[in-house]
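Each of the next two complexes has chain A plus one more chain, namely chain B in the first and chain C in the second.
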Partner chain A sequence: MTVQELLLMRHEWALIAGVLILLVLELNFSEEQKSKSIISAVVIFTIITLLGFLPAESGSTFGGMYVTDPVRLLMKNILNLGVLIIFLQAGSWLQTKNNYNRVTEFYLLMLSSVIGANFMISAGHFLMFYLGLELLTIPITAAASYDQYKSKSAEAGIKLILSSAFSSAILLFGLSMLYGSTGEMYFSEVRFSNDLIQVLGFVFFFSGLGFKISIVPFHLWTADVYEGSPTNVTSYLSVVSKGAAIFVLVLLLINLFEPLRLVWQQVIYGTAIFTMTIGNLFAIRQQNLKRFLAFSSIAQAGFILLGVIGGSALGMATVIYFVLVYVFSNLAAFGVVIAIEQYAGKVNMADYNGLYKTNPRLSLVMMLALFSLAGIPPLAGFFGKFFLFTAVAASGFYILLFIAVLNAVISLYYYLLVVKAMFISKSESPVPYFQSDYPTRIALSACVIGIIVIGFYSPVFEYIKQLCLISF
Partner chain B sequence: MEYQYTLWIVALPLLAFLINGLGSGRLPGKVSGWIATIAIGGSTFLSYQTAFQYFSSPSREKVIAFKTTWLRFNETLHIDMGILLDPISVMMLVVITTISLMVFIYSQGYMKNENGYDRYFAFLSLFSFSMLGLVVATNLFQMYMFWELVGISSYLLIGFYYDKPSAVAASKKAFIVTRFADLGFLIGILMVSYYTGTFDFDILTNPDGLNFSTTASFLGLSSITWALLLIFMGGAGKSAMFPLHVWLPDAMEGPTPVSALIHAATMVVAGVFLVARLFPLYYAFAPTALEVVAFIGAFTTLFAAIIACTQFDIKRVLAFSTMSQIGYMMLALGVSGYGGEEGLGYTASLFHLFTHAFFKALLFLGAGAIIHAVHTNDIREMGSLRKHQPVTHILFLIACLAIAGIPPFSGFFSKDEILAATFATHPIYFGIAVIVAGLTAFYMFRLYFIVFWGKEKKYEHAPHEAPTVMLIPMIVLAIGSALAGFIPFGHYISSDGQSLTLHINWLVAITSVVIALAGIGVAWTFYKTGSDASQKVIKALGSVYTSAFNKFYIDEIYILITKGVIFRLIAKPIAWFDRNVIDAFMNLLAAITNWVSSQIKEFQSGQVQKYAFIFISGVLIIVLSLIYATQ
Partner chain C sequence: MVEQVPLNHALIVTTLMFFIGVYGFLTRKNLITMLISVEIMLNAVNLNFVFFDNYLFPGKLEGHFFSLFIIAIAAAEAAVAIAIFINLYRNIRSIDVEQVDKMKY
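Now for the complex of A and B:
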């Protein structure tokens, strides 16, 4: 073990150091100074994010338990960007009366979860992967019940921990079958042979991961947990936790499960159709915006599966690009929901009636975010969907493509419902004008810039594509 | 990359647009005008720098100053954004920035005290940005995008006085007509890219680099001929060629400086530029399309010149004159060959484009100064203005002499080359061109004599000379109109990039000057001396005059076709089908979706134990179906 090898884990070291520093700082703050942890956490995490963009070596360490390469680094950087935006948006919520003296708790839980996501992405061994997965989930179940005075929040926490325990059990069951039939746990050593027990093992494994991505039929926890959790935790669940699981799924399918390609293509074919359709059908009916975004994110996960099904480096690039765009679009939408929940305490679609009259800028941000999610050109979301559809067409799954396009139309309908509420519907008592705090404004501006620039600036996709083609 | 700075030529007006657009209503007083003017001034300076650098080097190779891939379809077919420098694009840069700068300065005086001053300059900057992006486009698709941007900024500026119904109608008309033409352009682009696999001008216009292996044909014309004809349709729409010209006279509803910039000097010659840009393609693969270009050009030039003789609105006379002159340019392109002396028409066409930009912009700015003073467009309410506006009078006279083709003004030289080019190839077209030269001289001096001589009219308040800020740009343009003819144009721009020495064809020159002088002479006797000869001629011509005065009823024919035929016989049944079949089907789909959605909501019960049940059922279903599928 050399220093070089240890430095391969730069992202994880930085996060662990961040956790420790925050803990020590917390001890030094007096009761009145607790809110200072907000600033320190944001500063520390900004540094961590920037560090992540420094050039780095690829390779493996800990005897192959830990693997890193440019694509994995890119994935971690994308997740870090998402977390940074969430931290910026969380500031005003953490300063409220009930929360301000346990601010650090929130950040520690989040950071621990991100460490888990990073280890999961870089895993080179099934157990390493499992540890990462649990480390990703368990802190978030605590964060989901962070609003200790709200029963909904407690409900969300308990539902999340129960469901995820259940899915972990199934995933471990799958792992044991895979181990039993191949006798190996290292990704580099495992050899699959299309044996029935391996197919079974794969399905159990897939459903455990599908739980994190909220693939239908493993998605049922999503709406309740998204609704009950504090909205900042919801946005973390819908963007970072889901994004990490998608990244791992695409990495493992393309490398590890390549011999089972025919099997997993069938599985994904079926689940993608159900995920898109069910997500959309439920989203249409929602009045609560947090539930609405929960189902919209299920439908989006269905679209992402389209990029996975080709099982090529190009498909992987489209998935990474789509997640990058999704991070900005979804966090912009959540940012607006958080701001309005914070200042007016309202989360229902009817409360957004006439919002454009009182808060034009927030409405425009929300509109851009929803248009991007719906895939309207020239916003980044359009290109994300466009590349995904191209990848599916290139793999020859035309019926799937047709269903996906139909679903894209349905999704446009319910995204426009919100836009209609904000811009067209009139209201007797619209949400009054308010000025959101600076960090939120910075976060929303960053999202808007991301939504617009990533679409127009094509080298982003070319860069991701090159990375994927070189690495795989 | 020694030409990297050319990016700023395009970027500066865009910045001005963004600043003025975003700061709309917040910028104090005249700041928006200054921002826009300074930005376009910077572009002008850089354009001159580019022209100097480019033309002083002996090579006339195409230079890609900047290029980035925007959308990639496959290895050869991708949409780029970039800057292509070659003789014609560099020349267009100079023309556009010069005229823009003059119009921007002039507008500061003309638009003073107007509502929406900053909006005006924002749109004007948007236009300059789009036009500059159009001429430096490296590929057909970029050109198309900027082409549409030009269209939209033209629309915004024609409808600048949006509280005036006629302006709104005119802007809509301009947009719809040109948009209809652009549909042809788009189909043409798609066809060309389908058969060649590229959008890139570098490959498309390389005479040795292309071969079309297709034999596909339709109605006896090859597919590439159809493609180029459709592309020309786009050009004809923007350049107001018959029968897509109907929008241009109405577009005069916009502020006069806008007419000078967009509807005289720059945007309307985009069609000429388009054909010139693709000229090698036209020449090598679609001579038939080129014949169509020549025919449409010749027809339009005569058609518009006749109408111009009968109009009384000063701006409409100029608008028809613009159509007629662009017809000239198209005609010259259409009869041109490729390479050496054969390519005279190509050079002549762009030479005329260059000189025309100066004197036509000057004519419009002059008209603006007149309208500014007398508050009417009708020349019958003007007269003896030389006493009130001595400077404008002289400048307007210079422009009239230039457009009439009197030596040594610039129009003489470029028109002479066009006449020489037609003389060498098509005697009939030469005849038409000579007649139009006479008509041009006649209608311009008809305007001149009525407005500046004629009887003194009763004005509400005495007309005044235009302010200095309006006069200076006019003086600059007058110098250009007077001297631009002496530029050895063929040395810089020719069909094949080789230097071409232009010499005056004396036989043609003398003919055209005599005809022009005759035209002026007729105008003199009709309108200067105050005789009633013109009335007698009008009576003698009878219905011919009436139909020319009514622009040969083209507008009415359009209305008959659209309202009477298309709307009633095609649109109505389609609308019925759409409402009762398509919509009903969609409503059915929506109803089904809603119904399914309400049926399955039970799954989302909120009970974790049920969730777990569904979870494990899902796993089992997947497993079972896989086992079934593999059996």
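Now for the complex of A and C:
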């Protein structure tokens, strides 16, 4: 193995180095200096993110277990951007009294989880995929029960770890069937032939992965975990962990499961309809903003499945673009929820009444984020949805497209409910005026710039499309 | 020389084990037993991998390695899960799954 081959794993090396540096740094900080690890973590992660954008070669290493190419690099960079924004938003929460002593733990858990996501995306072998998946999930379950003194947080942790253990067992059972019928585990060598056992194995495999993406029959943990976890962890779950799972799903379906296309198109056809509809219908009746965003993220996952179903390079490009937009819009929404929860301790929709009077800028950010999630032009979310719809139309699923458009209308209704609460509804005791700290403001403005610029600046999509067309 | 058990029989055993695990996960009230049920499911998968290696692909070791990794990861998962259970027990003085119902719908 040469240095060249090791350098292919640049993202992972950088993250592992970041984890080690943080560990050592934490040992050197005294009790009063613990909050310094917030700054060091953010600086380290900024460097890691910037390193990720350097040009890189594609290839495979570790005997084909680890594969990298421009598309995978782009996926990792998108996830890194999301994590950077989450780190910026987490600062003020970590400085509160209960968390003061265990600041570093939060960052360590997050970073290990990102390492898992990166390995999972780059997997060239089922074992690597499985290890990445577990490394993505297990640290985040610990982070979900981070609030030691809140029973809701422990409850969220339990629901997350039990459902993810259950789902990975299902996924592994499917994997064992796939292995039994093909005898190979390297993605490059597996040859599927539409045997019944392979179809069954694929269905098990897809259900296991569906838990992570929270596709509808497997979504029941989502709302509870999102509500109970600390909001920063929730935003990680809904953006990074879900995004990584979606990326992997696209990569696997297009490359590996290509011979089973007729099977997975039917599976995704059904689940996409249910995911969109049920996510939307349940979002309407939510009062808690975190639960509301949970169901909205389920519905968004349904929309993302629309890009997957075509199974083409174009569909893949639309999925990556949509996730990029989704990262910015969802993190902007979560950023506002985090800020308000931090300063006023309120997460219910009724508490947002009259927010525009007291906190006009925060309400504007929230409005932009929700409009982008709903897909109102000219924000980026509109183009994301538009490209997804074109991808579906290109592959000829017109009924699915019709249902998706109906769902887009329904989703507009409940996103506007929040906007109405903020701008129109009167309130006796609105959230008082407050100024969030600088990192949060930077993160929110980055999100807003992302939402607006990605929409207007068409080379972004062209670039992603070119990459996908070249690679696949 | 004892006649080898046919693969079909082995697979029936592992499938039964898997679904016993599923059944246990869905019906048990105690969180620890739910975790044990998941472990049963994972062990069924391990057996599956080992059987496939032995019967269909003798000489290949990928299935064996995979089951070793599954065992290791199941241990890690159980460690985190039990830590969370202890945390919950400190909060609500119970590890009955029916008490874990602060959040619904």
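The definition used in the following text is that the second predicted complex is superposed on the first by the 472 of 472 C-alpha atoms of A that agree within 3 Å, B and C clash if a C-alpha of one lies under 4 Å from a C-alpha of the other, contacts with A are read in each partner's own complex, and residues count from 1 in each chain.
Everything below uses one rule, namely that a residue touches a chain if its C-beta (ideal position, glycine included) is under 8 Å from a C-beta of that chain, and two chains touch if they have at least 3 such contacts.
Quick caveat, the model's predicted, so the values are computed rather than measured.
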Chain B versus chain C as contact partner of A:Gly180, first or second or both or neither: second
Touched partner set for A:Val308, first chain B, second chain C, both or neither: neither
Which superposed partner A:Gly228 touches (first chain B, second chain C, both, neither): second
Partner chain in contact with A:Glu134 - chain B first, chain C second, else both or neither: second
Partner chain(s) touched by A:Gly270 [first = chain B, second = chain C, both, neither]: first
Chain B versus chain C as contact partner of A:Lys159, first or second or both or neither: both
Which of chain B and chain C A:Leu74 touches, first, second, both or neither: neither
Which of chain B and chain C A:Ile85 touches, first, second, both or neither: neither
Footprint overlap on chain A, comparing chain B with chain C: 158-159, 162, 166, 170, 223-224
Contact footprint of chain C on chain A as seen in their complex: 126-127, 130-131, 134, 138, 141-142, 145, 148-152, 154-159, 161-162, 165-166, 169-170, 172-173, 175-177, 179-180, 183, 185, 223-224, 227-228
In the complex with chain A, residue positions of chain C that touch it: 18, 21, 25, 31, 34-35, 38, 41-42, 44-45, 48-49, 52, 56-57, 60, 62-63, 65-66, 69-70, 73, 76-77, 80-81, 83-85, 87-88, 91-92, 100, 102-105
Interface residues, chain A side, partner chain B - complex: 158-159, 162-163, 166-167, 170, 196, 199-200, 203-204, 207, 211, 216-218, 220-221, 223-224, 263, 266-267, 270-271, 278, 281-282, 284-285, 410, 456, 458-459, 462
Contact set on chain B toward chain A in their complex: 68-72, 593-594, 596-598, 600-601, 603-604, 606, 608, 610-612, 614-619, 621-623, 625-627, 629-630
